[in-house]
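Heads up, there are several structures right after this.
Look at the two complexes coming up: subunit A is in both, with subunit B in one and subunit C in the other.
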Partner chain A sequence: MSKKVHIILTSTIATSLMLAGCGNTTDQTVITDGAGSQTKPGEKVTIVFWDENAGPQRTPFYEELIKQFEEANLTIDVEYVGMPNKSAKQKYDAAIAAEDLPDVGGVQTTWLADFTIRGALLPMDPYFDQWSEKDKLNKQAIQSNRDVVQDKKLYQIPNTTNLDNLWYRADWYKEAGVTPPVTWDDFFAGIEKMTDKSKNRYGFSIRGGKGGSFQLQRLMYAYSGITDYFDASGKSTINDPKHVEFMKKYLGLYKTYTPESDITNGYKEMVAGFDTGAVAMIQHNIGSYGEHSKSLKPEQYAALAFPKSLNGNYVVEGFNTNGYSIFKTTKHPDEAWKFISFLASAPSQSYWNKQIGQLPTHEDAINEDWFKNAQHIQEAVKVLNDPNTLYYYPSVYTPDYRSILDQVVDPGLQAVMSGKNTVEEFLNEWAAAMEKSKKQYEQHINKK
Partner chain B sequence: MSWNRKLDRFFVLYLPLLLTMVFTLFPFYWTINTALKHEGDIVKTPTEYIPSSITFDNFWVAWNNVGFSNYFVNSLMIAACTVFFVVIFATLVGYALSRYQFKGKSAFLLLLLCTQFVPAAMLIIPLFIIFKSLGLISNPLSLIITYTTFQLPFNSVLMNGFISGVPKQLEEAAMVDGCNRLQVIFYIVIPAVLPGLVATGVFTFIHVWNEFLFAFMLTNQEENFTLPIGLSYMMGEFNVNYGALAAGSVIALVPAILMFAYAQRYLVNGLGGAVKG
Partner chain C sequence: MPNDLPLQEESNLNVHSTPRSGKGRTDYDKWIPYLFISPAIVLIVAFLFYPLGNVFYYSLQNYDASQPYYNGFAGLDNFVRIFTQDPQFFASLWVSAKWVISQVSMQLVAGTLIALLLNQTFRFRTFFRAAAFTPWAISGVLTSVMWSLMYNEHMGVINDLLLRFGLIDQKIAWLANIETVFASVIVAELWRGIPFFAITILAALQAIPEELYEASKVDGASRFKTFLYITLPHLKNTIVLTTLLRTVWEFNNVELIFNLTGGGPAHSTTTMTMYVAEQAIHANNFGYGSALTVVAFGILLAFAVVYLKVSRFEREGEE
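Here is the complex of A and B:
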């Protein structure tokens, strides 16, 4: 018996030791000041790259880009780690707390303020200023990346821009003899006309579930034409009377001209409604082109810019870019920058944005033929190149901006849709949360 | 049997069973149906309840392109090791709780149950820091330790119930015949609580098999990711690969279904024992 016990205990210890050897132990990280790599000349270096939105529809394109980069830079290996989009921020949060970060990571602009306040990112100004292609990158995107952080340094190089738009069933509108909306009145009237419950068709679908807040905000400001997120006295413009007016019209569509299930619509439910022919129009961005093209024929659907605002110009949300950052714990900032500058170069941006259906930030990539021939991209360019287009910049610099949208605005929208709250109560609550957050942020800054 | 009794039996027994079965099996049918469809057919209207043309491409994509072949092995290894440790430790803790009297036993039992109330998300950063200092980030051992720790309290209480159901006299008789305490546990108690052991093992396996949060947070290398992470890859920000997602779900379902099919009779007995205990 004692022999058997001995065998069990020995096997347990052996298994533990074996497993301990299974994974590669993470390197101890060293905080550098960005003053250069700790690499000897000619030494082979591995940099770790975290992709914040991985999946079979995107990862293969990164693998191709990494292959090209490694072929051009024989002394640098890139270790790709893909993260599911929904959990990427949580993963970064844990990694920042434990200072166990990658060298390079995909970072959304809305995360920049949070990450920089926690000292996780390396400023890239010294590298960027010496980069030969720096003047070809979208200046507005670079400047807004600087504006969003406290110290006004550059912590992220944007390689793709997105823009919200409408997707509509061009074939149904044509059949019904309805012109695609140019004004907001057309927008609401078109939705009513395209609703035919006998055919199980609705004119529109509202994203009432997760992520609905982002879309709603962009629609509200596009309608009102307001370009200040806060007025001079620090009061939020979220609950401006024009937004109240818009919301009443917009949510008035619910159940009558939109499916009842909209109250829980996330992205995939909303897009599935459009792609399966249950809905004539949705609001999303040019990034969902790939999803529509899988289910619908090119002549069945098209992208459409939001109507011009009540002031007569397009109003677009700033900070709608994604890009790459170097993390402060990197031992190889030079190699990390080399990789980022490769991803931000025209050929890489052209390849990447063509595959994912978004807008490059590099001037040379924008001038390529594929870009000029894509209807949805041209619709976005029409807005972005319009000299009268104005931008509004939400307070993404406050660390809790995102959590307010997720935890206050998303449930608040559902409360209005379910009749528990009024539009005014909802917008007042939203505005108050943003004002409080801004005030706390300013107090924090002033203390420093 | 009269016609009326047959009718009663149909409405009282067969119809509810049939409805329950349809309700339970429909998601499985729909998952398999989606996994076997071409990408364009999945969201096509009118909906195809039986695929017009069957494809196994989605399984190929999930297994090779997304890396399920690797994730499957990782999940299996981590689940098997966790089950091994949990079953051994839970049996020993359960035995101690059942057979020994010691000060603070009730408080200890309460404490074991209280550990279940701590939200996992709260523990991510502390655990990450601990495993980083031990050099175990991206090491399967970090997950095995975490899962074993989380599963042990509940399963120990469960085993306590099973073991309490075994008459003490059996052990005393074995001791009279010359067995020591460990021999009693291995020769008398364990065979008597086998259904309980299987129940503990299956519950632990299923929990570990489905766990996403810790698996994702404590692993920084793709080669060490597990199946739930692979499944979440299919749901991108702007794209959902329904075919591969369904195929991945079918792959992930197979071991769980096989395990339940095998352990079913033990589970019924085992749960009965735990309730009695």
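Here is the complex of A and C:
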């Protein structure tokens, strides 16, 4: 073998090692329709359930629900597979490509368009239409789930609703004589007042890392009062002057009234900052109640609705539900539905939502005492029941909606926080990405 | 001795082929080596060449799970986009270049110094050798967690020590500040990477014949000249091979950067491989991710060929 060939071969093998992990081994996903269970009567079957947000704060409650379900359904075993929220979408994506899916999975509403366009989910309309409790589920949530997919079928049964809010240190605000914010001016002024660097205390913590885009969007629209995600001509409202104004004020807090490390804050870091007493206020949703209640005493913290918008009403993002879907590869759709209908029933929803601190979608569950007595739940109910509350609906129906938030908005926000970009440049880039995505989606729909 | 060969071959054949004769025996002998290496070939084809071929195939496709309506043959579109419309590609390539050059050069220098020290005779040498190699034995993820805790703005030991010694007057967010993040990740990776060079160079040092050092001593050579004219030439092949391997590994390093910074803030630590991961794994754009990988492959291949050629690797042996 000549030396040249030897060198090339050696180099090729060395460098090709990096490529081995990057191949995708399947072509387009081909998933067949589930056509009834392939189970003989009385035969014991196992269904696999993927939890998309597993962790010590949630998994034990699923284990309890599964235990109850299995006791009531002796011929069905449920195999629980917990996935950390951070990587759940990636795992689903890989599983869809590999056609190696669970029977049932926790699915966020923002994933529905993406999953259905890739043919991964089974429509549940035939099951749902015959379900005795179907009229007790939140009709708006069901309709939203239908609206978000192309064929308007029902691919997810929502069992919990979430709402973004503020969490603040009630004891510090009281001690400092500062009233919890009612207006956006109060919000910014309170943050300044509550910052005391000599005590290593900051007034607020921004989620600048992964997932920050979701929270930022909800704050922007809650501030501006805008309820159209796109105007009549298809132009995005993301870069509306009111949003520019808000962003300048909001990111003006960074490093002066917030920790420097906020630029890389994910959920865990942001909540840890609040729960360990480093920051006086964060923005998240009512679902982080479980974390705060473990670290802080009830009198130390409280939930607070976002201030009303510049137009004088609450503005809330639609599609903020989570639920369960059946995947098309299942061989046991009947058993899968049985499990989903159990999880969506009033007792299960009540148990689950009470533990994780979120809003049930079943009307029987919202009439229970725990629901009426939980401060953070009632703060959310105050907003949702306000007759003047308005909703805006982002373009979650485009399959690359989530990808834009992760790939364009999250790093874009960091670029502004680090001074690499201006607010205007960032919002224009975000708006352009959403407009392009919508246009492509509509072209595809029109072709069909 | 050409006349000895047929006898030797025959005697070797007789060991295992007594029951066979004629054509059958020849076929058996012809195929048996292939049979023995076939498991290795199957594994290499399945786990190296098939994925490799797939990456090249997908680099010519539009295959984006978040935009499935455009999936299909793309020709060279992905490559055109990389070189003409994607500033992030060049930015990440620049970060990779800085990362690889700084890592490999600093690891080599520090690793050589440590190897030279550990090659001396002193008390507790075994303990110090073991201690020096420990970081190499720790998993990448564990290393990342350890360093991210040490760099933590609020409770990290680095800020605490610097404050106590009066070297800083307020806490620094090492991994969040665009000015400090790259150097911080460099330090963490250096801690893990130096032992690799120390181990391999120490092994090479131990293979240098002692007589050469004795001769140089007799000739009155200084320590520096002994290092320059005896040690370094004997280390050459080891250095060339280790730096080549380390360059490929550091170019492909994902775990430490991914866990410490995720490529941020604002892409300031997004290397080429992180960018591939971002496109192929996070954005589900397998076509574009594959094209980026092919480009990275080309870069590494070109580097390896040129480097081995320029460094005249193993030339002495061939001559």
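Just so it is clear, the second predicted complex is superposed on the first by the 413 of 448 C-alpha atoms of A that agree within 3 Å, B and C clash if a C-alpha of one lies under 4 Å from a C-alpha of the other, contacts with A are read in each partner's own complex, and residues count from 1 in each chain.
Methods note: a contact is a pair of C-beta atoms (placed from the backbone, for glycine too) under 8 Å apart; a residue touches a chain by one contact, two chains touch by 3 or more.
Please read all numbers here as calculations on a predicted model, not as lab measurements.
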Open item on the list: Quick one: is A:A95 in contact with subunit B, with subunit C, with both, or with neither? Answer first, second, both or neither.
Closed with: first
Task: Contacts of A:K297 with subunit B and subunit C, given as first, second, both or neither - done: neither
- [ ] In the overlay, answer first, second, both or neither for which of subunit B and subunit C A:N53 touches.
- [x] first
TODO: Look at A:Q440 in the shared chain and tell me whether it touches subunit B only, subunit C only, both, or neither; answer first, second, both or neither.
DONE: second
TODO: Report for A:S403: first if it touches subunit B alone, second if subunit C alone, otherwise both or neither.
DONE: second
TODO: Once the structures are superposed on A, label A:K44 by its partner contacts, choosing first (subunit B), second (subunit C), both or neither.
DONE: neither
Open item on the list: Which partner chains sit in contact with A:K86 here, subunit B, subunit C, both or neither? Use first/second/both/neither.
Closed with: first
TODO: Could you list which residues of subunit A make contact with subunit B in one structure and with subunit C in the other?
DONE: 8, 12, 15-16, 19-20, 22-25, 90, 93, 97, 276, 278
- [ ] Under the touch definition given earlier, write down the residues of subunit A that touch subunit C in their complex.
- [x] 3, 7-8, 10-12, 14-25, 28, 90, 93, 96-97, 114, 117-118, 197, 200, 208-210, 259-264, 273, 276, 278, 399-400, 402-403, 406-407, 411, 414-415, 417-421, 440, 444, 447
Open item on the list: Touching residues of subunit C toward subunit A in the complex: what are they?
Closed with: 47-48, 50-55, 58, 63-71, 152-154, 170-173, 175-178, 244-245, 248, 251-252, 261-262, 264-268, 273, 276, 278, 280-284, 286, 289-290, 293, 296-297, 300-301, 304-305, 308-309, 313, 318
Task: Residue ranges of subunit A touching subunit B (in the complex, touch as defined) - done: 1-2, 4-5, 8, 12, 15-16, 19-20, 22-26, 48, 53-60, 79-87, 90-91, 93-95, 97-98, 100, 102, 267-268, 272, 275-278, 284-285, 287-288, 290-291, 294-295, 356
Open item on the list: Going by the contact rule set out above, which residues of subunit B touch subunit A in the complex?
Closed with: 39-40, 43-45, 61, 65-66, 81, 84-85, 88, 121, 124-125, 128-129, 132, 135-141, 144, 180, 182-183, 186, 212-213, 216-217, 220-222, 224, 229, 232-241, 244
